[in-house]
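Consider the two complexes below, in which chain A is the common component and chain B and chain C are the respective partners.
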Partner chain A sequence: MMNQMIVDRNDAKLSMAHLYIAFAAVLLGGIAGLLQTLVRSGTIVLPAGIGYYQLLTAHGILLALVFTTYFIIGFFYAGMSRTMGKFYDQPYRLGWLGYIVMTIGTVLTTIMILLNEGTVLYTFYAPLKASPWFYIGLTLFIVGTWLAGGAMCHQYYIWKKVSHKKISPLFSFMAVMTMVLWFVATIGVAVSVIFQFIPWSFGWVDEINILLSRTLFWYFGHPLVYFWLLPAYVCWYVIIPEIIGGKIFSDSLARLSFVLFLLFSIPVGFHHQLLESGISPFWKYLQVVLTFMVIVPSLMTAFSLFASFEMAGRKKGAKGLFGWFRALPWKDARFFAPMVGMLIFIPAGAGGIINASNQMNQIVHNTLWVTGHFHLTVASSVALTFFGIAYWLIPHLTGRVLTGKMHQMANLQTILWAVGMFFMSGAMHTVGLLGAPRRTAYTTYQNNPDALGWMPYEVAMAVGGSILFIAILLLIYIITDLAFFAPKGKEDFPIGEVAEGAEKTPSILENWRLWLGIATVLILVAYTVPVVHMIEHAPPGSPGYKFW
Partner chain B sequence: MGVLEEKKETARKVVTTKEEGPNLKGTMIAVMLLGGFIVLSWFGVYWLYLVRL
Partner chain C sequence: MHMHKLERLWLIIGSGALVVFLLVIGVNAFAMGHTPPSDRDILDPTQVDLTAPFDDPGLKKIGDNEYELVLVAQAFTFQSNDELKIPEGATVHFKVTSKDVVHGFQIPKTNVNMMITPGHVNTITHTFDEAGQFLILCNEYCGVGHQAMGVPLEVIK
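And then the complex of A and B:
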């Protein structure tokens, strides 16, 4: 049951079941995204009573929630099976139960969006009010992810008990840490949906405390970003070094960075609410400081990755200061897609620091800059890394191989994605600085000169969106080929080894009580007083509104 | 082994360790450039904020 080179066949089926839904969501969400850019630029008018905001909701939920979450869980099952061995019976069954519950929730939510009963955007901000079944669908989705996380934690627990090892494989540690972060983060959204949205949408209560609901959402919403990002980091830390023929720079550093993400990615939601009245400046300030702490593990990651690249390049004989950069395997799709994702993360991260800074947030808040920002983070850095993982993971799980032709197609896909995103996200960032708001359908604001000045950027967004849609079609072609038609064979599941001479990993890094304890303290410090204030001095509640 | 010899031995070990350590100059400069890019972006938008005050 120990470390094996291939994923167990049954575990592979569980993993693939998740990946199928993930990529189906990419196609549907991508269609919605393309239509949005065409509507917003005034190129088309939607037929058959389809609403712009309906598409916007579908795009956000299918890509930001369904694609990411299904992919992450599928990837983690496969990686844990690869590094810890076949899933034990109980966690395996729990994994399938989670899949079923998640999928019922996804289908229910999607039906509500298609029926135009859930057009509240993926942040479902009150006082926009959807059908209760929309919120119930989301609840089931979250409960399903809890079962999936429970399956992984259970597997990890049994493995440690059986193996008597203090330190688990790096991949599995990172997977469990990501799911632990998810557990803690989703408490906020669960409380909000169960105690606020569902009673309100059923009409059991007339009004909702909007400030509290938004605060609970962003308690969840920011670590959600790290829930997307950490699996990409798993690839960058654990898998990429093996693909490039190098070693993991430091196991301890990798684990420490994940610990720091657990500590500092949750008590920071107020930086999304810097312009929200009803929260005192002190608490906003405190959470902005904690937000900036996340820069530490991010730069640690950058250093570690560059170090892995440089050591691998120098081992191959690369000379000069940056000779190692050229020595990287740029033609290997398993490397190229995640590497482009990593490079895009540099401007993405810089933009994030700007968003979280109090004064600069006033420049970019609710503008298209923010949309451009998360299309660089989740829709480029994370998405390209996930695509790069899928290129070897899917053939590994289906007993096929990634052929030379598919390497070329996948590299073309990455280039198309990067070019499309350059136009779309670049235009979003620029026009956002000029003041163009996000989340608005086509309008010229009664031909206001400022608003008319935004139109060329809207067109650039549509051009970028169209290129991205072509990239999505190419992606679906590649994924279909790898799942069903590629030649039979054995594709490696790369797992990196730690560099010789790296320090032994201290067992304190796997002391869950300690890190969860500190995380809890930080959350209580950052949130207790302001949340109690929001309840004790609650603003007038709001009835629900339906504008669509 | 005398104190002097011990010191020499320690110095020899330090030299040896330095020679065996990986050359990460490129990494250091790359991370510094990254930091510089972040700082420049930040001040760029901060300038915009000041201009619009």
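And then the complex of A and C:
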């Protein structure tokens, strides 16, 4: 079984190819982010005709789509290869094909943004109309991810056939579940882009159904956030217990929580459309109820993780009610970065509950509060966990080691990130409650006293943004070192083992037909009536506008 | 499936809190009339100027210190034929649509916040108990001049 402890060389190359693009996107997206905070606070004016909203589009696409997706896919290839063995030929080739298609799409969309032909932000709400090539680039990107997901599912399928095992390794199960969630979610945005946006942007049809396009987007847009979050959960569930010298608390409950995410993260998109016309309050509230169901697997996750921590700490001899907390390996960068991410997820998740609370959304909708919220969730909890993974994954894949010096640099990176985010996100949350809108360039609304009162917070955002940018530069230094310059050697790919005495995993948890069936029923219940209404009672559609 | 007894307790407390949250929100929304803005009226987004009441946007007194304020959102302003001045204590029913792209409609310091999607009308009601300067602003990106899209609303004593 020795060969399973190290990711196969070819699989490592496939994984690394994704990670390079992921971290290049972090650098570029980070530059855009820094400039945005400086513009918004009135500190600088952009030179050379670069637009604030052009930067904002680039920031969103590079970080929320490119960084996350490339990282997730690269991480999953490595982890599946580590837990199931080398990729078989067909899925391996499919993986490279997916990489090529995704990358063509990414490059095409990026070019369109640079040419100022796609300044529609990463949510591309109609009827703002970008160049058709912007949408085609996005489509290719999504198709590429489907090929990647297909490669993973195929590998899983062959492994199950060859091994005759009913239960797959936990890491691989979670990776496949995340990609299945992604398949179901992206159907919405793909239908919208292929059947609505592309024909309309080419001028083949004159009008677009706005509400339907927004609904299809948010059918995708919410599970998208779980697509970011679940890979972080993979690290928290499977990898962290091994790093801290503990065990996985329960294999079956870990799988059950992933099943619940598949079921409850999709039929909930209306909580992003709570303040919109044309959707009845009943259907909005129904989806709010379904939204709240994902809190259950999150509570399960929180319990399991802290149970793992406590068991590990007590095994090392920690005493008292909270002695185990101090016994955790705080100096280990592989633990510290994800752990800070986890702790940030506590206020971040609470903020999310506020956002989704039906009429309460009115207080925060489209204010900077929301921007503050997802800079805690995806840009801190998820991002810090991904960085923490990269610290051992990259040297593992490149045959190098994470040295003590790099542990220290990485821990400094985490601290800078947390401090920068405290200022930036804290200011965003506060000024959002005061009413400052998100996605808005520098403005005082003709010296309106309320708007002038927001300026100090916007300056605090710029201070936080600057600290975060320094943290990004440090991150890129660490990543470059680990990929090309760190001493040669063997870095572990930690995979946790299940605690002794934990119950045997029931095979129903891998009954894909059952879970996909229930997910489909929930989606149909939540969406059929309102979507039929949107189509049957649609106003005349809208022509396109290019207001930038 | 077996669950640790503390985990069961944790989930029961958590889920119980969830049910209470949802009940509070649900009762407040449906029994106390605080459902989020969800108007179902539609119109042709290219014919807004010819469609009543948006052919004459502005402030109309409809009752004792009660007004309807009809506004047309367009890049990059909120169009009205009347000055936006209302007396203290007035209840205002905002009725808004968009002539072009998606806009937002928000008044800081109040709970007024809704999406304005072309082809749809959206409505929200607010009572201005205190006099002062208010700002109606667009909180959804609508183009290069989005940050300029705000109009003052004055509540006079």
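Operating definition for what follows: the second predicted complex is superposed on the first by the 545 of 548 C-alpha atoms of A that agree within 3 Å, B and C clash if a C-alpha of one lies under 4 Å from a C-alpha of the other, contacts with A are read in each partner's own complex, and residues count from 1 in each chain.
Here, a residue touches a chain if its C-beta (ideal position, glycine included) is under 8 Å from a C-beta of that chain, and two chains touch if they have at least 3 such contacts.
Treat the numbers as computed from the prediction; the structure is a model and nothing was measured.
Q: Just chain B (first), just chain C (second), both, or neither: which does A:Y125 touch?
A: Second partner only.
Q: Is it chain B or chain C that touches the larger share of residues in chain A?
A: More residues of chain A are touched by C.
Q: By the touch definition at the top of the document, which applies to A:L299: first (chain B), second (chain C), both, or neither?
A: Both partners, chain B and chain C.
Q: Just chain B (first), just chain C (second), both, or neither: which does A:I31 touch?
A: A:I31 contacts neither chain B nor chain C.
Q: Identify the partner contact of A:L473: answer first if only chain B is touched, second if only chain C is, both if each is, neither if none is.
A: Neither partner.
Q: Looking at the overlay, does A:I104 come into contact with chain B only (first), chain C only (second), both, or neither?
A: neither
Q: I'd like to know which partner A:Q362 touches here: chain B for first, chain C for second, both or neither.
A: So A:Q362 meets both chain B and chain C here.
Q: So, A:K284: does it touch chain B (first), chain C (second), both, or neither?
A: Once the two structures are laid over each other on A, A:K284 reaches chain C alone.
Q: Is A:L516 touching the first partner chain B, the second partner chain C, both, or neither of them?
A: neither
Q: So in the superposed three-chain picture, is A:W324 touching just chain B, just chain C, both, or none of them (first/second/both/neither)?
A: Only chain B; A:W324 stays clear of chain C.
Q: Overlap the chain B and chain C contact sets on chain A and report the shared residues.
A: 299, 303, 307, 353, 357, 359-360, 362-363
Q: Please give the residue numbers of chain A that touch chain B in the complex, ascending.
A: 299, 302-303, 306-307, 309-311, 314, 321-325, 346-347, 349-351, 353-354, 357, 359-360, 362-364, 433, 499, 501
Q: Per the contact definition, I'd like the list of chain B residues that touch chain A in the complex.
A: Interface residues on chain B, with respect to chain A: 20, 22-27, 29-31, 34-35, 37-38, 41-42, 45-46, 48-49, 52.
Q: For the complex, give me every residue of chain A touching chain C.
A: Interface residues on the chain A side: 51, 53, 56, 119, 121, 125-128, 210-211, 214, 250, 252-253, 256, 273-281, 284-285, 288-289, 292, 295-296, 299-300, 303-304, 307, 353, 357-363, 365-367, 434-443, 445-446, 448-451, 503, 506, 537-543, 545, 547-548.
Q: Going by the contact rule at the top, pick out the chain C residues touching chain A in the complex.
A: Chain C residues touching chain A: 1-4, 6-7, 10-11, 14-15, 18, 21-22, 25-26, 28-30, 34-46, 75, 100-102, 104, 106-109, 111-115, 117-122, 133-135, 137-148, 150, 152.
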